[in-house]
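Got some structures for you, see below.
Paired with subunit B in one complex and with subunit C in the other, subunit A is shared by the two complexes that follow.
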Partner chain A sequence: MTSTDTRGGPPQTGRRPEASRPARRRPRPPRSVIQRGSARLGWAFASPALLVVAAVMIFPIVFSVVMSLSNVNVTGNGFQLSGLTTHNYSILFGSPRYWHDLEFTATYTVVTVTIEMMLGTLVALVLERLTRARGWMMALLLMPWALITVVSAELWAYIYNGVYGMLEAGLNTVGVHGVDVLGTPLQASIAMGVADVWKTTPFVAIMVLAGLVMLPADVVEAARIDGASAWTIFWRVRLPLLRPVLAVAVMFRILQAFGIFDLPYVLTGGGPGTSTETLAVLGYKVLFNDLEFGPGAAVAASTALIVLVVCLLFLKVFRTQVAEQEG
Partner chain B sequence: MADTAITARPASAARRRRKRNTGTNVAALLIAAFVALPLYWMVAASFKGQADITSASAIPPHPTTANYTNAFSSYAFGTYIENSAIVAVATTLLVLALGIFAGYALARLPMRGKTAIMTALLMISLFPTIAVVAPLYLLLRDIGWLNSYQGLVLSYTALMLPFAIWILRNFFLTIPKAMEESARVDGAGPFRTVLQVILPQALPGVFTAGVFTFVAAWTEFIISLTVNNSDRYRTIGVGIALFGGQFTTPYGTIFAASAVAMLPIAILVLVFRRAVVSGLTAGAVKG
Partner chain C sequence: MRFPRHRTPALAAICAAAIALSAAGCSSSASTQAGPVATGAAAGTITWMANQFGPTSTDVRKTLIAAFEKAYPGITVKLEQAPSDEDTYRSELVTQISGGSSSFDVYNGDVVWPAQFAKADLALPLNSYFPSSYWDKFSKGMVPSLTYDGQIYAAPLFTDNAFLFYRKDLLAKAHLPVPTTWEQLQSEAETLQKDGLVKYGFAAQFNSYEGLTCDWTEFLADAGGSSVNAAGTRSTIDSTAAVKALDYMRGLITSGVAPAAITTFEEQQSESLFDSGQVAFLRNWTYAYADANTPANSKIVGDVGVTNLPTFAGQTGPGYSVTGGWNLYINPHSKNLPADVDFIKWMTGAQAQTIMAEQGGVLPTVASVLNNPRVQASNPAFPVAAKNKLNARPSFVAKYPQLSEAIYTNINGALSGSVSTSSALSSASSQISAALSSNGL
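Now for the complex of A and B:
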């Protein structure tokens, strides 16, 4: 039986190996009836799922782009697309609110992801050394991750409440009074960041912990025998080895944070004013509160475009993810 | 631990380890407190009556279950939870039914462009939902599926399939090929091979994909908020978010509903802890 896998081939190029590799140990026979049959079977197996994803995820993304480039007339019983236009984008780019929200979303993403990565790595290092009750700690860490974001947003709103919140009560004991956290722009942004860090740092920690556990023990051992301190071993040996795992975690977190909707929508409503309004919240408000489908689609499409660019920047990470598993 | 076993001076190593353990335990305790305190605060608040909800006492002064009876008899939180359960279970089953075959095909069968498909799926699974929500709303409106279970199930299935396929494929890759070959020699057809030979081997992966899909469907917000706005089909997250008046937020009722909404997820995560962890790390670690 001739195996059809690409083991030993160069999967990182993403190309099919047979064309570039004339000298195989065994000459590859022409694709047999069985192989052609199983390729067809492969498509038969995969196509229902791929069709659903194409129809209900990819088509809407493309449609958002089309809508953002069209004159959208909302009528009594629906809406009409007529004519190609860049009008929606000129509305968008001429609006200070859009630029503010873009800047806020980008800053928020960079700051929270940086903090989450550092804290997550620290938590992972603690968990790695933990000899007792590690399972319980993991279970506890998974709770915020699995919590409905709306619930955690309500919970933090309760904690931050300026009159009777837990934070206010805590501050009162040290003599600080009347701090309305959600009432001032900078404090509201920080408060939102803390709620986000609480919910997503466990995700980073568990990912990094898995990476730490998988590190080759002999390399660390060799460094230890050479007399390297724990500090040096961490920075010079383990962290560099951990880089692929960290890259995946950063990528996941950046893309999730950039599209964040639930937390600001429920915790701050984007406020005070529009100070904590993310692009997703702006898009939702324009689409479904103002019923401005053209500009709303432009917000959605431009957000998707930025995400796509970030994805392409991380293409190498994606590739290694896909290829690593094949090799 | 292996790293201390080779140390030359066992006495000092033991002392160092003890010191290290104390530091680790203190740090772990702090982490646990930071994670658990807000959750505890929520559960405590759900047992506080109207008069105590604004009190900062950590233990409810006059514990009451009034919030729970209120949430489920005076308000429709029972219906919302039922809706969420129906949608999440249906989505999970559908995602697994479609995802198992797609994941198997992408792991094992010789198709062109598999790498491109996998890369695209992974990217789509990270796309912001705001990018799809308006066209999805229009699409569901055109086919008359706004305010229905099937509209939400279809949306969620498409939303959660990419990641599920990805998890499943990674698990299928770890199963020895010999299994299928012997099944083929025995004359089993492709469907039977997948269902009877491959699936039992990949059960941990199926659980992982299932738990992830269920949690994602249970917690999803923006699509549900948009396409199901009638009380009859509202899901629990949206119900909690839209509950409350103009000037006051009835936190007691909200947290009673929240605590109940958290229960199935908490049980699921506790029971399938290993599966969840392996899913979270599927991106970080080989199979």
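Now for the complex of A and C:
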């Protein structure tokens, strides 16, 4: 934990050349006795809240990690954990189903998030132009986002149904029969992606719209005076300025898409076969159908770790880009 | 966008505390195993967790409770509605019971659960609460399926068989006999479709779920195969019989006899398509007969025949039916065992079993009730059931859920055409082996 040295205390000039890595946070001046006293009081006041946070957030996370590294027995009186083992993970990594689900979840995340970001940005640009009906349009757009996923997944299941579904009926009128939309892996994946894009594009649009509205008008104005075309202004001025907002939107979307459970669970149940099974659905099935809590916890823990790493990498790349741009 | 750096030592301290807490919490829980003994006169209130069973138009559970409370005035039974989706229901039971909940006392559970629930201590072993003579009245073969490691974990509430339901009117119009082989069923279905009498020939449950394991077990047994060996130690699914069964099932779809969407059908979808008059033959459970003759949700009232499932040509008929049904289990945390025991004894007694058979349209588990001529006459499916050749799913294996999952996901994949018959079977086989050796997901 050598990286905590920039926090408090005298500047440690001897350890690292200052130029190579500028300190992110300036060292704080030494605090007085009163300040320290009030800080202690602050901790005392905050401690009940912190304990609650620990109980409801940190404990379950740590517990599932511990569980994934133990031999777990389910009993009528709760779980019994014993020993330290990597057996759960070796089961996981030796299972083709896990690798398939990981691949599917990753592909699904990349494809849907990319489409949602592009569509969402387009929608936001249109919304920004609207003056009178913007409120109404936003309300309309937010409806899919506000719908509970289980409900919207049921609606899509009704549309896609191979016998009485609306899509089937539509296809019948143009002479196409017997297309079972959810019947093949590719079609089922696309169908799931469409339902996801339909639901979450508004979220991206609202985020990007907020970013667009807050862009400094003078920069765009200056570009326009300099004779830049609308196209150039978008690509060279507005999009770069939008980057922080886009980054947040992408991160939220990655987190949600990678952990998606309700949509595949309701719409396809992971089928046909296990072709549309995401890691979250796999985790659920292993935990609650098979009662295999060790491997199930390993699915959960490894998924969380993957998302964490992806998000950290993403932030790192993003920060580096911003730093290059700024300086 | 900047994120404050974590205060690592503080976080580490909290984590360490949490780990210590969790370890402490786990070690203390083992010693509190409940072991109360049923004594004293039964009285008080118990909660029965049950999902709806029997035909959809009536709720036979309420009739049963009313009759029980009349017979046992000291005991009140509260009905708690269980989720209709079986997997959701199971996860609710697991969460509640392993969390120590005593909010329900007796619960309905699938016939394939005993081994899994016994292994996880989610059901109370019943041997010390029921005399050994109590178990003699049930139909043959039932009690062994409830036994795990020498202990009986549930009492059989009702049993279920699969049947072939067919449209009497259509067969009469086309002058066709009731099919006794699968090959005959397919050719008759094609004839009926060609003549424009019906849209689809056959419906069953081919979605990727437990129901497909049932259907598959039947087709496979008809072809002379099995998914695992009799001892439940080895996969036998990759066989020529399995190829024959799977090719036939897939052929139903490619020939248009079954709708392409059959790979997403569960009981309800297949049944409602049949009841809407669009299918000639249906494989389904006992209650489908009562449903098809309920005018509110059926267009084919009076046109439905019921018979044993066909088998493949060259085999002695009839075809196999798997055994389904539901049991009564006791929550190990129940606070009123004497009342639980009385309730279960009454529910498996002649009066309750007769109510379930006559009003609930399900097969009674008590042999004497099933053989009663009045009960036999109440439902045309019951005499047919007496002639059924039964085949149990290998649920005596504690890893049955994984085993079944290996079956239905791969078979469903092959039925939807996304993988070939041979690769689906070999992949099912390797997953079954992994499950049996406790090395698979």
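The working rule: the second predicted complex is superposed on the first by the 258 of 327 C-alpha atoms of A that agree within 3 Å, B and C clash if a C-alpha of one lies under 4 Å from a C-alpha of the other, contacts with A are read in each partner's own complex, and residues count from 1 in each chain.
One rule holds in what follows: contacts are C-beta pairs under 8 Å (C-beta built on N, C-alpha and C of every residue); 3 or more make two chains touch, one makes a residue touch a chain.
Since we're looking at a predicted model, the values are computed, not measured.
Undergrad: For A:39, using the defined touch cut-off, is the partner it touches subunit B, subunit C, both, or neither? Pick first, second, both or neither.
TA: Touch status of A:39: first partner only.
Undergrad: Where does A:271 make contact in the superposed view: on subunit B (first), on subunit C (second), on both, or on neither?
TA: Only subunit C is touched by A:271; subunit B is not.
Undergrad: In the overlaid three-chain picture, which partner chain does A:126 touch, first (subunit B) or second (subunit C), both, or neither?
TA: It touches subunit B, and subunit C stays clear.
Undergrad: For A:137, select first, second, both or neither according to whether it touches subunit B, subunit C, the two together, or no partner.
TA: first
Undergrad: Looking only at subunit A, is it subunit B or subunit C that touches more of its residues?
TA: Residues of subunit A touched, subunit B against subunit C: more for B.
Undergrad: Quick one: is A:103 in contact with subunit B, with subunit C, with both, or with neither? Answer first, second, both or neither.
TA: A:103: touches no partner chain.
Undergrad: Could you pull out which residues of subunit A sit against subunit B in one structure and against subunit C in the other?
TA: On subunit A, the overlap between the subunit B and subunit C contacts is residues 1, 3-4, 58-59, 63, 78-79, 163, 244, 248, 284, 287-288, 315, 318-319.
Undergrad: Give the list of subunit B residues in touch with subunit A in this complex.
TA: By the definition above, subunit B touches subunit A via 1-3, 6, 20-21, 24-25, 27-28, 31-32, 34-36, 38-39, 41-42, 45, 53-56, 98-99, 101-102, 104-106, 108-112, 115-119, 121-124, 126-136, 138-139, 141, 154-155, 157-159, 161-162, 165, 169-170, 173, 177, 181, 190, 194, 215, 218-219, 221-222, 226, 236-238, 240-241, 249, 251, 254-255, 258, 261-262, 265-266, 268-270, 273, 276-277, 280-281, 283-287.
Undergrad: Show which residues of subunit A lie in contact with subunit B when the two form their complex.
TA: So the residues of subunit A touching subunit B come out as 1, 3-5, 11, 14, 16, 31, 35, 38-39, 41-46, 48-50, 52-53, 55-61, 63-64, 67, 78-79, 123, 126-127, 129-133, 135, 137-144, 146-159, 163-164, 166, 169, 198, 202-203, 206-208, 210-211, 214, 217, 220-221, 224-225, 244-245, 248-249, 251-252, 255-256, 258-259, 261-262, 265-266, 279-280, 283-284, 287-288, 293, 296-297, 299-301, 303-304, 307-308, 311, 315, 318-319, 321-326.
Undergrad: Inside the complex, what are the residues of subunit C that reach subunit A?
TA: Spelled out, the residues of subunit C in touch with subunit A are 1-3, 5, 7-9, 14-15, 17-19, 21-23, 25-26, 29-30, 32-34, 87, 90-91, 94-95, 97-100, 116, 120-122, 207-209, 256, 259-261, 263-264, 269, 273, 332-333, 399, 401-402, 405, 409-410, 412-413, 415-419, 427, 431, 434, 439-441.
Undergrad: Show me the residue ranges of subunit A that touch subunit C in the complex, using the header's touch definition.
TA: Contact set of subunit A toward subunit C: 1, 3-4, 7, 24-25, 54, 58-59, 62-63, 66, 73-81, 91-92, 94-98, 161-163, 178-180, 182-185, 244, 247-248, 269-275, 282, 284-292, 295, 315, 318-319.
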